[in-house]
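Chain naming follows the written order as A, B, C and D, and within any one chain the residues start at number 1.
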Amino acid sequence: MARVARALREEVHRANMALARSGLVMGTFGNVSGVDREAGLLAIKPSGVPYDALRPEHIVPVSLATGEVVDSDLRPSSDTPTHLELYRAFPSCGGVVHTHSAHATALAQAGLPVRCLGTTHADHFRGDVPVTRPLRKAEVAKDYERNTGLVIVETFRRKRISPDEVAAVLVASHGPFTWGQDAAHAVQNAEVLEYLARMDILVHAAAPRGVKRPAPFLVDAHYLRKHGPGAYYGQKGRK
Amino acid sequence: MARVARALREEVHRANMALARSGLVMGTFGNVSGVDREAGLLAIKPSGVPYDALRPEHIVPVSLATGEVVDSDLRPSSDTPTHLELYRAFPSCGGVVHTHSAHATALAQAGLPVRCLGTTHADHFRGDVPVTRPLRKAEVAKDYERNTGLVIVETFRRKRISPDEVAAVLVASHGPFTWGQDAAHAVQNAEVLEYLARMDILVHAAAPRGVKRPAPFLVDAHYLRKHGPGAYYGQKGRK
Amino acid sequence: MARVARALREEVHRANMALARSGLVMGTFGNVSGVDREAGLLAIKPSGVPYDALRPEHIVPVSLATGEVVDSDLRPSSDTPTHLELYRAFPSCGGVVHTHSAHATALAQAGLPVRCLGTTHADHFRGDVPVTRPLRKAEVAKDYERNTGLVIVETFRRKRISPDEVAAVLVASHGPFTWGQDAAHAVQNAEVLEYLARMDILVHAAAPRGVKRPAPFLVDAHYLRKHGPGAYYGQKGRK
Amino acid sequence: MARVARALREEVHRANMALARSGLVMGTFGNVSGVDREAGLLAIKPSGVPYDALRPEHIVPVSLATGEVVDSDLRPSSDTPTHLELYRAFPSCGGVVHTHSAHATALAQAGLPVRCLGTTHADHFRGDVPVTRPLRKAEVAKDYERNTGLVIVETFRRKRISPDEVAAVLVASHGPFTWGQDAAHAVQNAEVLEYLARMDILVHAAAPRGVKRPAPFLVDAHYLRKHGPGAYYGQKGRK
């Protein structure tokens, strides 16, 4: 198990450092985790450790089954229970990122989704990035971080959104979570989400009374051009 | 022909790298092409190749007549058919750029033109940068990228705009295309367009009820100061 | 006393240089002070000295009791009397920062608080960052800078805000002041405040008719997660 | 005279390079001039020369009396007649800057002044930075650049603004001009103006229905704290 943890720690460390370089985090805000489903472990940034002091051995392995720390003296990110619920509910999720990136967080604070307004969005996410309902008092008082994960899962179930097609969410009055096939892709999605949120707010500024949404057939065509079985973007299928 | 392709590939590679440095692209978004009309070839960025791995020999030559790849194993940018239609319809077009730059894309998503609000705009483009109509379902379902080019051409014809005087367009719910006498000038126009779009959105924020447009005689004076036969800007005509 | 002043000067110099690097100041705008309550001294940036020429020995010690310069030929920042009143009224205040950072200043100019709109805010400040009333003519005519400090103190008393829980204020038509346990933490709070003000203005742009505030139980939970006696963020209480 | 021109050329070259570094210009937009009133010369950036190729000997001396180029084969900036009128009308003006900086230009395009909304503004300019009326057709058709200067002068006379107290203007549908005691100070004022314009647009976004202006006694107190005979900012009058 030690060897599994080492590879996972290195992957998660690399992804955390990529997040730090991305400009999406300020101070110690933000965290990245990755998962090894065979080993039954996620691994995540320790709580409150500055990025410039972060080394692979600081990354904290946590049991997917019990939520307990494995083989570390450090306390994992306080958001760990949120990550845990996402791994449990979304079977293809291989990495999770949480940031307070300015534009995505502003929309979360406004209680607004990141609207799917064009092909840049549809290239990455098949429809709006939803915003959760606010947590109830009891959900905040006890197991707050776990309930944050559960309200994300509830949002995708109630709105019948596939977490594979929309790998991002805004938690109301809080901020964005993104995920992906591994920790590195989850970081890429955090960067894309912030860019889309920035453009959405620019559209709010330019067209305060609202805009005509792109037709579903345009959204689907772009999403499937990159992600469907008939994808013809990139060099896949070529040598 | 190999020699022609080499010079063109180098020019297009240089322009793609200039675009990457410009800050207008994120990840692998965006592409630049150039044309050699005598050789009957355009050359364009390959699909989905990251800029930091891009070398001149990766640039993909494509026949202007048939749209087929010439002398390359790589797949050209998926937007190639759009570029092709622009070269076919606009005889003086020597280079084409497509980006998802934030402010121009936001206006495209809002269905709004980049308004010609002042002399900075008029120094480069003689009037509004138009936004196309949305594509119809059938236009998206089949030959989507080609139809994107055709709707651009249609926009300029219907609005009687000269593509030589306004070398830029916003495709509705998509993003900007720019062009120029060669690939390098098309990139410059992409940078100018993003700057103008940014200022236009700032005007929307400062004056949400609209503004008084500059008089046509001011727009013409500025455009012709730089572009007309009586141009007196720069060191042209001097030693 | 010379030795005390030297350590304090170095701390305050370091914090001023951190402020300069933060991007919150333009030209010579902005100043940081620190305090040594045992020695009865504050130490502050000299007036109008550019950051790149600033050395520890330029930092000006000032008596907390009398407001007089101690052991320096330089004139202290013209805002010194404001800092003095904050140290006198807020017993746990160990450092003070004044900037004209763009977003916080814009809200001060609009007469609007930095609204507590989410957990990023609540992680640092327990509720809105208030804006003062405008100063009266007589308050500007005489002892202007001292009265700026007094109106800050009045704001916290009248609104019953604890300066330990909200370590920041906007002075109407002027700009932000922040404080903290020492000069370095006051600078961190200045950076956080600017980030929160930026997100608040983005929310104004995205939701001009106002937004639903987060429930007080969410604000308290986040604030106390980091600052209360039961704090469980970071590695405190761990080895 | 050659020696006079050399010193002036070097001063103006330095100021143009400072402007290029300031981030206020894009491409070859923008120009700086300086004046030697004893020698009867202004000196200005040549037209359309990129900043990275600009050397002191490229700076073009122009006679204040006749507007003719002195001792240079290069064409001066096409905006030279505007600069000339400012030097002629404003006796204490020692340097002039023209940019298309984004926020100041956006306000000029909206036909709005840079409102004096707080002390950051009042520290530099005693009241609003005005916007000119639009130029008439005849004023654009002939001697356009000279008429741009004349409409600036007219604006200050009609509104009874002292060009010493407000060293900046927005030309409607065009952009900002600033001035100062020499070319370097004019560049500083261009940077300050852009910062103030940025904050003004942020206030438009945060408070679209308008804001309460600071009382004139606050504006005067701040302006005179730095600029009046009783100024007590900085180290002047010390040692």
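The rule we apply is simple: a residue touches a chain if its C-beta (ideal position, glycine included) is under 8 Å from a C-beta of that chain, and two chains touch if they have at least 3 such contacts.
As the structure is a prediction and not an experimental result, all values here were calculated from the model.
Participant: Go through the assembly and pull out the chains touching chain A as well as chain C.
Facilitator: The shared contacts of chain A and chain C amount to nothing, since no chain touches both.
Participant: Would the interface of chain B with chain D count as same or different, where same needs over half of all numbers used to appear in both copies?
Facilitator: different
Participant: Measuring centre to centre with C-alpha atoms, which chain is farthest from chain D?
Facilitator: Chain A.
Participant: Measure off the straight-line distance from the CA centroid of chain A to the CA centroid of chain D, and report it in whole Å.
Facilitator: Here the centre of chain D sits 47 Å away from the centre of chain A.
Participant: In whole angstrom, what separates the CA-based centres of chain A and chain B?
Facilitator: Averaging C-alpha atoms per chain gives centres 33 Å apart.
Participant: Specify, in ascending order, the residues of chain C that touch 2 or more different other chains.
Facilitator: Where chain C meets two or more other chains at a single residue, that happens at 205, 208.
Participant: Work through the pairs of chains, note which ones touch, and then classify the graph as line, ring, star, complete or other.
Facilitator: ring
Participant: Give every touching pair of chains, nothing left out.
Facilitator: A-B, A-C, B-D, C-D
Participant: Please name which positions on chain B make contact with chain A in the complex.
Facilitator: So the residues of chain B in touch with chain A come to 26-27, 29, 46-49, 73-75, 78, 100, 102-103, 105-112, 134-135, 137, 140-141, 144, 172-175, 200-201, 204-205, 208.
Participant: Please name which positions on chain D make contact with chain C in the complex.
Facilitator: Against chain C, chain D makes touches at 117-120, 188, 191-192, 195, 198-199, 202-203, 205-208, 211-212, 214-215, 217-218, 221, 225, 232-235, 238-239.
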